[in-house]
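Below you'll find the structure, written out as structure tokens, and then a few comments.
Chain lettering (A, B, C and D) follows the sequence in which the chains are written, and residue indices restart at 1 in each chain.
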Amino acid sequence: MSFNTFGKIFRFTTWGESHGPAIGCVIDGCPPNINIRESDIQIELDKRRPGQSKFTTQRKEDDKVKILSGVFEGKTTGTPISLIIYNKDMRSRDYETIKNKFRPGHADFTYFKKYGIRDYRGGGRQSARETASRVAAGAVAKKVLEKKIGKKYKVVGAVTQLGILGCDTKKWNDQTIRKNPFFCPDKSIVKLWEKYLLSIRKSGNSCGAIIELRARGIPVGLGAPIYSKLDMDIASAMMSINAVKGVNVGSGMNSAQLTGDQNSDEISQSGKKLKFFSNNAGGILGGISTGQEIIVSFAVKPTSSILKSRKTINKFGENTTISVKGRHDPCVGIRAVPVGEAMLNCILLDHYLMHKAQCK
Amino acid sequence: MSFNTFGKIFRFTTWGESHGPAIGCVIDGCPPNINIRESDIQIELDKRRPGQSKFTTQRKEDDKVKILSGVFEGKTTGTPISLIIYNKDMRSRDYETIKNKFRPGHADFTYFKKYGIRDYRGGGRQSARETASRVAAGAVAKKVLEKKIGKKYKVVGAVTQLGILGCDTKKWNDQTIRKNPFFCPDKSIVKLWEKYLLSIRKSGNSCGAIIELRARGIPVGLGAPIYSKLDMDIASAMMSINAVKGVNVGSGMNSAQLTGDQNSDEISQSGKKLKFFSNNAGGILGGISTGQEIIVSFAVKPTSSILKSRKTINKFGENTTISVKGRHDPCVGIRAVPVGEAMLNCILLDHYLMHKAQCK
Amino acid sequence: MSFNTFGKIFRFTTWGESHGPAIGCVIDGCPPNINIRESDIQIELDKRRPGQSKFTTQRKEDDKVKILSGVFEGKTTGTPISLIIYNKDMRSRDYETIKNKFRPGHADFTYFKKYGIRDYRGGGRQSARETASRVAAGAVAKKVLEKKIGKKYKVVGAVTQLGILGCDTKKWNDQTIRKNPFFCPDKSIVKLWEKYLLSIRKSGNSCGAIIELRARGIPVGLGAPIYSKLDMDIASAMMSINAVKGVNVGSGMNSAQLTGDQNSDEISQSGKKLKFFSNNAGGILGGISTGQEIIVSFAVKPTSSILKSRKTINKFGENTTISVKGRHDPCVGIRAVPVGEAMLNCILLDHYLMHKAQCK
Amino acid sequence: MSFNTFGKIFRFTTWGESHGPAIGCVIDGCPPNINIRESDIQIELDKRRPGQSKFTTQRKEDDKVKILSGVFEGKTTGTPISLIIYNKDMRSRDYETIKNKFRPGHADFTYFKKYGIRDYRGGGRQSARETASRVAAGAVAKKVLEKKIGKKYKVVGAVTQLGILGCDTKKWNDQTIRKNPFFCPDKSIVKLWEKYLLSIRKSGNSCGAIIELRARGIPVGLGAPIYSKLDMDIASAMMSINAVKGVNVGSGMNSAQLTGDQNSDEISQSGKKLKFFSNNAGGILGGISTGQEIIVSFAVKPTSSILKSRKTINKFGENTTISVKGRHDPCVGIRAVPVGEAMLNCILLDHYLMHKAQCK
């Protein structure tokens, strides 16, 4: 039972509230002798960092990570890696309005009902700020897999739908993704998205998004039936990200509409080279990786903290309305991209180690 | 780490292969002094039992469950409950064709690559036959929650889309579901589905489905942030069911297309009665139950074992084709309904106990 | 949280009551492609089987084990191995006397107070009969380690003290152990022990024992700091055996009386060969195996079910006395030898797999 | 699988090396609405703090703890509690001598062999400094249980044997324990112990100790068969403390020498009051608390880092000798008292919550 721990062998435990002194995580089970520097982690954190464009929250956090343990002379030692990120730009007074009111669509209500107490400042533990710790853990996992599997190993994520606007995933380009503020993989749609999101923001509203993750260089055999299936852990991980409401692997929900011959990916062999004719499975069959690209997508609902006035109640059970000012992302889905990547890196390493334990 | 165990406090471990002597499960962590008889479990198993209509596999299994431990004089004792179901109608010779060939879209290939060995008879451990054990565990969980929460507690599932044909979920009727062979909640569409599925079967093909689950009478507060969120465990559980490729909670993937004001469920209070104006959240916010109906849906891909000839390879790495005869469900999604219900019962009990441990 | 499951990667879950239809266990995480037959397990079970001499219970159980899953064509497949042993010689009427009375020193009282219900027949779940399942699991672990490490791998246990009578552990002889009904390693003391135990039995009393386990051929590096230390898991495992009250590793409790220079085992190297001058550590330093012989001992208290009359209360809170007839071991410690061996085999395999996962 | 995490529901994860920037722990699963201040934790840490007498290490650490998360306006919120203690008085150059040499009896050798790398400064992760984190976690557990059970709840530990010198446990006095530098419960022996330990220290040697823990106010019913027995978790916890080699519950190893009628604790009832005539069981039967005082003892071996010259090898496999200067405790067992208390507090809370989950 692990309320705040994720993983089985490679495990990380996150802690910290949005407006507390710091947030952080402890990584356990990391293999020894992996080169890791703070800068390796910082690169990933910078992808998620707030305040980088007008399309994300204006909270200014440099999110500098510090390694407190588990690394000696630049190498992991096999002992727990403690990472800390200090909080800096907290404006707790912005949150006086939500101190006693529950934002519709937010976890304010459920946290309060569950625990009878909550740190309301900046959303406290509910805040998406917690995901910075995941990104840090994911950076470590990535380094391990790059050493174990080699440079062909790569996880890359993108926003493939912004509110009502999709993109053409056939035009997916890894380079494009890092060159626009939306992690959009399709250059041709970026301008349109920009206009759309500006209008959403101006209207004091927010929108949802779909994020797609692709993992390459994955060996066949990762994932363990029946209750440690790779896709099961992926679904679990993605659903654990704030505001996520749906997860697909490969053809996902759409597979319901296919017939057996449309859906099943035919196989052929040419010399030593095995080939699948399609990838409806998203690289996973029976919960085990096929060696194909792993394809996962998930939906992030629109940010709940919006300027538009909404009906709600306060903690005394009285009817009221709420309009949230603060500094919120108009589309929280955008910054979910590096978080999704991080979670997938962690799961893949975890299953890599599990497979090594039982089967190698 | 629990390859074949599901749950945290209320845990079940399943075992058994499709054509072995028996399958079964061991339930651990069940509260004591709950009335439970074999017939309570049998009722649930009978919903999933094969051979009940021409729309499911013709394998004849009476699936009689036997309680081997943990129940004394009709009551649970708090010790592990071991359940066994003997396999009867095995025709292993039907599987000679797949002995050395990998069915496209099936786990044949990945099991073999992972373990270097597999029991191919009837799909061995990959077979959906394993899900009978889950249904048995779910029956026990249901009995516990009915005692703890009361009769208002209810989980009910239905097929809401059969291949390309949806249904009108506004016409959802619990009584209707048990009166047609598709677990369809909308009486008006049943005839059409029947025609459609017969044509699928006749063509030696198969189709996918979407299953929706609704849980009522759920107290507020179940689910624990950050890595034991209720929706996280639900996503994990549903994705663990054979052939599932996508999971939605509430508005699910569709929430990406909504704006903040469309999506967030407004709240009001009238006396002691709290009311949400909508349920896009599917009854879960921040991973914690709101007290609303919990709504989950998941997609089951079409059965991989089809008569239609498909390109594949054999275990010697040679190109070949395969056409699977056997006795397979034309839409394996139908029998996933009681399985989904069972998993949801188990998760809800697990979180009920977890909540009791930490917060009561 | 695992009430009835032991282990982390190689895990077994036991179930069953003394007078239920059967007992058994499910082994999860076993590596694939290990040769295992029912006879491999039966050999170990036969060491523990009751009714083999006048020094153990006269209950007649042939304890025939049946493999229900996880083994295909003589080899493990990596899927759960379900083992079952049917109960045969139950005389539940012998237990009418304890139906409502609590045996002093027995778990009758605590089970009843904890759960509010208990299966009193033959001690129900409290019965040492549960340990047969452990022996079965240990037999599988042993097979795996013999394949992975080689035939130099060996775990052997013995009774080194019977009540007030010790033995000379310097005369330890593996062959001797199997040739007397006490698992005594010192031939010279066997006759005396026989007389002593007969007198204990005649007087309607019982006695305790100390069991020592030695594990050879252990690679350096097994065990993971800080909370998966090898000795920690060993202490836990031994303490989980019925009636065990103390556990020592190496010099154990006696190490309190040593000085630093007496206690610490000096090291030298001769060519490729590393040598320790002593083994006070019992083969474990910092929770990690040193490569030396692992030495563990544990104390089993005297059987609580004795003929001698004892003061107690019944479940209605009334004072009474109890004198237990039934068929009880005069020294339950004797049959703890194969159980201790089994637990040590399981732990060593578990740590072997864990080490492989993180460090290889 | 939890290398650096202890517990099941109330869990803590420790991190940090002796000479890194800080050490700390993350506590998960703590119930909400418990009053906790840094000073509550500091009181316990001060008991373990080094440099308080000439009988412990002269390293000067004020061991000030800081709460980084999980507490809001003086109360726990149910979210993870992150605690940090900065390291201050590190003299890493003292450790140059052990950089390449393995101290006999120390984990230097095994850590290096396991991981192929180790932070040798101050013993790195092997250092008993890690136990400060446990004491901090224990302080939180204690506060929770004092609220849940009431002030009658109390865990108190003492050194009952110092090297070759025992004490009279019949003279146990809780007040005495805090008034001498040995945590000795028997005033009459303190002077003698003082002389003895001074002579040990002067000779550049060290000695072992036995610590006894007593827990009062424990409700009946804590502990869960078969593999979450209370005594099993206690044995595991005590054995996880640095340098511990043996653990007893109640009569412990000595129970081997008793007969059944000597050992089993008779019971009587007088009105509502249940009474046991003795406590050989140490308050635990069948792994479940009886409601009596819980009595546990464990042996701590003598400190391995001694001035006396010892034969060893270096990491290049060459024979050498070692004499450790540094600032080491002549009897590391003394400071194990608050650590043992802390671990017992954590276990009791964990089982309290587990019992609540399943049985209330």
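Quick note on the criterion: a residue touches a chain if its C-beta (ideal position, glycine included) is under 8 Å from a C-beta of that chain, and two chains touch if they have at least 3 such contacts.
Please read all numbers here as calculations on a predicted model, not as lab measurements.
The set of chains touching subunit B and also touching subunit C is given as A, D. At the interface between subunit B and subunit D, two copies of one sequence, more than half of the residue numbers in use are shared by both copies. Averaging C-alpha coordinates per chain and comparing to subunit C, the farthest chain turns out to be A. Subunit A and subunit D have CA centres that are 39 Å apart. With centres set at the average Cα position, the gap from subunit A to subunit C is 46 Å. Centre-to-centre separation of subunit A and subunit B, using mean CA positions: 26 Å. Along subunit D, residues 1-5, 8-9, 14, 29, 32, 78-79, 114-116, 125, 225, 354, 358-359 each make contact with two or more other chains.
Looking at the complex, you find that subunit B touches subunit D at residues 1, 9, 29-32, 78-79, 225, 353-354, 356-360. Looking at the complex, you find that subunit D touches subunit A at residues 1-5, 8-9, 11, 13-17, 20-24, 26, 28-29, 32-33, 68-70, 72, 75, 77-82, 114-119, 124-125.
Against subunit B, the residues of subunit A that register as touching in their complex are 1-6, 8-9, 14, 102-107, 109-111, 113-116, 125-126, 130, 161, 163-164, 200, 205-210, 220-221, 223-229, 231-240, 242, 245-269, 274, 277, 280-282, 284-291, 299-304, 306, 308, 310-313, 317-319, 333, 354-355, 358-359.
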